[in-house]
Amino acid sequence: MTLDTGVVWLTIFVLSVFVGIEVISKVSSTLHTPLMSGANAIHGIILLGAILVTGTTDNDLALVVGLIAIVLASVNMVGGFVVTDRMLQMFVRKKPAAPKNDQDGAA
Amino acid sequence: MTLDTGVVWLTIFVLSVFVGIEVISKVSSTLHTPLMSGANAIHGIILLGAILVTGTTDNDLALVVGLIAIVLASVNMVGGFVVTDRMLQMFVRKKPAAPKNDQDGAA
Amino acid sequence: MPTWIQLVFLACGVCFILALKGLSGPKNARNGNLLGAAAAVVACLVPFFWTDLHLKHVPLIIAAIVVGTIGGVYGARTVQMTQMPQMVALFNGVGGGAASLVALLELHDVVETAGDAPWFNLAATAFTIAVGSISFAGSIVTFAKLQELMTSRPVVFPGLPVAFGGSLVAALVLAGLLVNDPRMWVGVVLGLVGLLIGLLLVLPVGGADVPIVISLLNAFTGLTVAASGYVLSNVLLLVAGTLVGASGTFLTLLMARAMGRSVTNILFGALKGGSTLGAGEASDRPVRSVNPEDAAIMLGYADRVIIVPGYGLAVAQAQHSLRELVDVLGEKGVQVDYAIHPVAGRMPGHMNVLLAEAQVPYEQLREMDHINGDFKDADVVLVVGANDVVNPAAKTTPGAPIYGMPILNADEARQIIFMKRSMRPGFAGIENELLFDEKTSLLFGDAKDSMGKLLNAVKAL
Amino acid sequence: MPTWIQLVFLACGVCFILALKGLSGPKNARNGNLLGAAAAVVACLVPFFWTDLHLKHVPLIIAAIVVGTIGGVYGARTVQMTQMPQMVALFNGVGGGAASLVALLELHDVVETAGDAPWFNLAATAFTIAVGSISFAGSIVTFAKLQELMTSRPVVFPGLPVAFGGSLVAALVLAGLLVNDPRMWVGVVLGLVGLLIGLLLVLPVGGADVPIVISLLNAFTGLTVAASGYVLSNVLLLVAGTLVGASGTFLTLLMARAMGRSVTNILFGALKGGSTLGAGEASDRPVRSVNPEDAAIMLGYADRVIIVPGYGLAVAQAQHSLRELVDVLGEKGVQVDYAIHPVAGRMPGHMNVLLAEAQVPYEQLREMDHINGDFKDADVVLVVGANDVVNPAAKTTPGAPIYGMPILNADEARQIIFMKRSMRPGFAGIENELLFDEKTSLLFGDAKDSMGKLLNAVKAL
């Protein structure tokens, strides 16, 4: 491939920015909190990074720090998804009604 | 970079697909035609490809074919952008009024 | 490839994204388009500043570009608004052709360098050759249909499905060959088969559905460009092509929905027998026709009038005298609005373009969803060169080609005046019961003349 | 990295995109979230199947994951709906902390391999260390504020702007050092400075604005994850992090708009003197208070009642008895709706969650834009534990912290009943003129008790 590594990463970054913005551009304020906490859970994927660095280190201090990072990251990831699901359960229970029964056709 | 070239291209492709879909997901039917012809003009960028292959070939037949490709591609690209602009001129002339004066606040 | 060039290409890609984004909303549509054009120009200048090109080819290349540019600008400038769809089809077609040729040249390089290309590149090349020529042939046929160089009816002949299937198979086989060992002749034959497929794909499609097919072929071309981007390992082509491919596909679905049709039905409806375009013979049942004077009275003494413009207004170029008529009625204290159906005319937004051209103030243009409620309060609905968009069959007659398409409820008004030349049906080619309704009167004649007469009659009141 | 793993990661990235997409619409929100969770789990399993990990570390790693999981699930399960925002803040904070630590480890590798890393990698590492700790400290403070472990008022002290600016400069200098020659101690100090910045950034923010800050820090963490994705050359981290960074930033702006505030104003308003949270002392001007029985009569004999629920309903957990009340009134033939303000409560959609929990049928929940027109026809508006969302100051008093926030037009109704415990103001800490309006009567007491009394009184009618 005649492309510099840096440019490739930049390209992927730029495209992801557009996807990130466009994908949520129609969210209703009702869903702001679940969306926030869902996104929050997604960046818990840093857990993957934590596992990779911790698993490959040879230094004991580094290992300890890494394990701490893993604990924190999994709190973020697991907790994030669970709490989001808890919130959404309550929305979803009533959502099927949404389209039909909204008394105000307008807007 | 520890990534296969193929995967990189696939990644860029996939992300572009999302961008392409999300970016136009809110288009109003009024703009279907200009949007179509605008997108049409954008793929006229094949002109760049045509120039690259034609400029670097050593075979005369290939050169001729390449030149034909260049002509076609530039018709696509230039014509596409110009015709789109012509259409849009007419929309744009009245658009400023749009938000305020739409008599039907709803929807 | 030097880094700065890669960055320029990336920047151009971003501009294309922003261009599409702009084009999808009225506010920035025009700037978006201009931004895209600027990016395209910049991208195409780059190769000349980076010296892999054989110098002796440069003048030829520039000449070719100039020729193409002149052609493109000429076509784009001279085409009438009513002919937009076929113009877009044509531009799309040549683009597809170009992509196909470029792919052949890539193949040629591979063959010369004794085929050391990875199989996936060859597959991408084969894809571009085939789909590029499909898009080319298909677009040319759609152009011919819309330009009425040939019948806009679905063309179906007994062997068609077989021939279509056969050529598809042939294309796949040839592609397989090409991947196994790249040979020039295989590529060329593949291209020819592609042309055949394109032809057979579009022939059975009815004129009313053609714009959707154009949009689909547009997406095809986008994907071929993406594929050659991969082969030439040029990120800009990949991104731009993919953008168009994805958004084009999505747009096709949106348009199909707006016309109440399904894409597969549009493409293969005719094959499956259920013609996508009906018979279209004029009926001879009795109708009430009216002269301009009486029509003028109906309009002049109404409180609320709604105008339903359609394709006929566009062909007759009667929009200017229509606007005059509306102004005069306005002065007489009649409340007049235009009811714009999303697919009135021959391209989406056709009526908006037309009436904007005639300087109709935006407030009077009302979208279907907004005004459909008002028809029941309207004293007179004046239907100018429209037909399908007010045809109740869309609600009442399952199986009708337009069944399911949302229509304007002109039938709810107290009186309806149709301005048309004959009893011939609209694009969908089906009869319109509303013409025979006792509330309906027909003002026969070319929209422009009768509009002129009507105008004078109203002034004379 | 074997190709299949790269493809798995790519697939997970796509799932994250679809997850976000789902989360942005009610229909697929829950599935979207579950899809994201599945993808995350898969991605984190991958390293165990691909053997660069030192086997002796694996059990420790798994143990750590288990600990974290238990903690996360416990927190997520036990938190009350009213405490959601602080929970999200906490989870976001630990994520930022993790990113910062990971970056330190990356730095450690570089140092050990005698710093042959390209400058951009080092810059990215520095960025992650700093911003990760900012996000960590900031989120912890917001947590403390919302959990009322500390005052939810803006904390401002004379030197603050200087200290803030100073620590920013320090961070930049340290980052520069790190890029020039990577040393462990520089990284550590940079992390500490980051913590300080996070602290100083959030201290001056008023409680009402905290959710917006959480969203912003959320975006920060996303970007740090993207940066470490680059350093670890892991596409999944890059894509996921960037997604969250971009959408988080965008969401922050959306939320700020929904609350009629600007982000800069939220962050630095307090510094600029104009406190983002007002004084909040109870006023002693005369008001008309009412007892449950009279309130019951007003409600029972009304034709049209609109309920405006607010934060107080949530803290009092009065939603269930409120629903009962509405049902009883319904049986008496009163038409009752709930008017939901987008920022009523302490998180967007707070009221929807709460009332959904109480099984209120969806049709009765009306959004602000839909119902604001109906208030003028309402006989009684029952404001339950709400205040700012009906505070006319948002329209009338420029400079008020909520000025510009769209509000519910409760003031247009014939009569207004406030259920609150005292004259204390709402979150924005400003007085509500509507409490002193002669159309207004106050039913003092904890929402739950007085709701119970009110319910019985209405039944007794």
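Some points to look at:
All chains are identified by letter, namely A, B, C and D, in their written order; residue positions are counted from 1 within each chain.
Just so we're on the same page, contacts are C-beta pairs under 8 Å (C-beta built on N, C-alpha and C of every residue); 3 or more make two chains touch, one makes a residue touch a chain.
Computed from a predicted structure; not experimentally measured.
Fewest steps needed to get from chain C to chain D, stepping only to touching chains, is 2. Any chain that touches chain A and also touches chain D is listed here: B.
Ranked by distance of CA centroids from chain A, the top chain is C. Of the two chain pairs shown, B-D and B-C, the one joined by more C-beta contacts is B-C.
Computed from the mean C-alpha positions, the centre of chain A lies at a distance of 40 Å from the centre of chain C.
In terms of their C-alpha centroids, the spacing between chain A and chain B amounts to 32 Å. Separation between the centroids of chain B and chain C, computed from CA atoms only, is 15 Å.
Within chain C, contacts with two or more other chains are made by residues 17, 21, 233, 235, 239. In chain B, the positions touching at least two other chains are 1, 3, 6, 9, 11-12, 15-16, 18-19, 22-23, 25-26, 106-107. Those chain pairs judged to touch are A-B, A-C, A-D, B-C, B-D. For chain A in complex with chain C, the touching residues are 1-4, 6-7, 10-11, 14-15, 18, 22.
Considering their complex, residues 16-17, 19-21, 23-27, 29-30, 32-34, 36-37, 40, 43-44, 46-47, 52-54, 57-58, 60-61, 64-65, 67-69, 71-73, 75-77, 79, 81, 84-85, 87-88, 91-92, 94-95, 97-99, 101-102, 104-106, 108-109, 112, 120, 211, 214-215, 218, 221-222, 224-226, 228-230, 232-248, 250-251, 254-255, 258, 342-343, 347-350, 352-353, 356-357, 361-363, 366-367, 369-371 of chain C touch chain B.
Put simply, chain B touches chain A in their complex at residues 1, 3, 5, 8-9, 11-12, 15-16, 18-19, 22-23, 25-26, 105-107.
Only residues 6, 9, 12-13, 16-21, 23-59, 62-63, 65-95, 97-98, 101-104, 106-107 of chain A touch chain D when the two sit together in their complex. Chain C makes touch with chain A in their complex at residues 1, 3, 6-7, 10, 13-14, 17, 21, 233, 235, 239.
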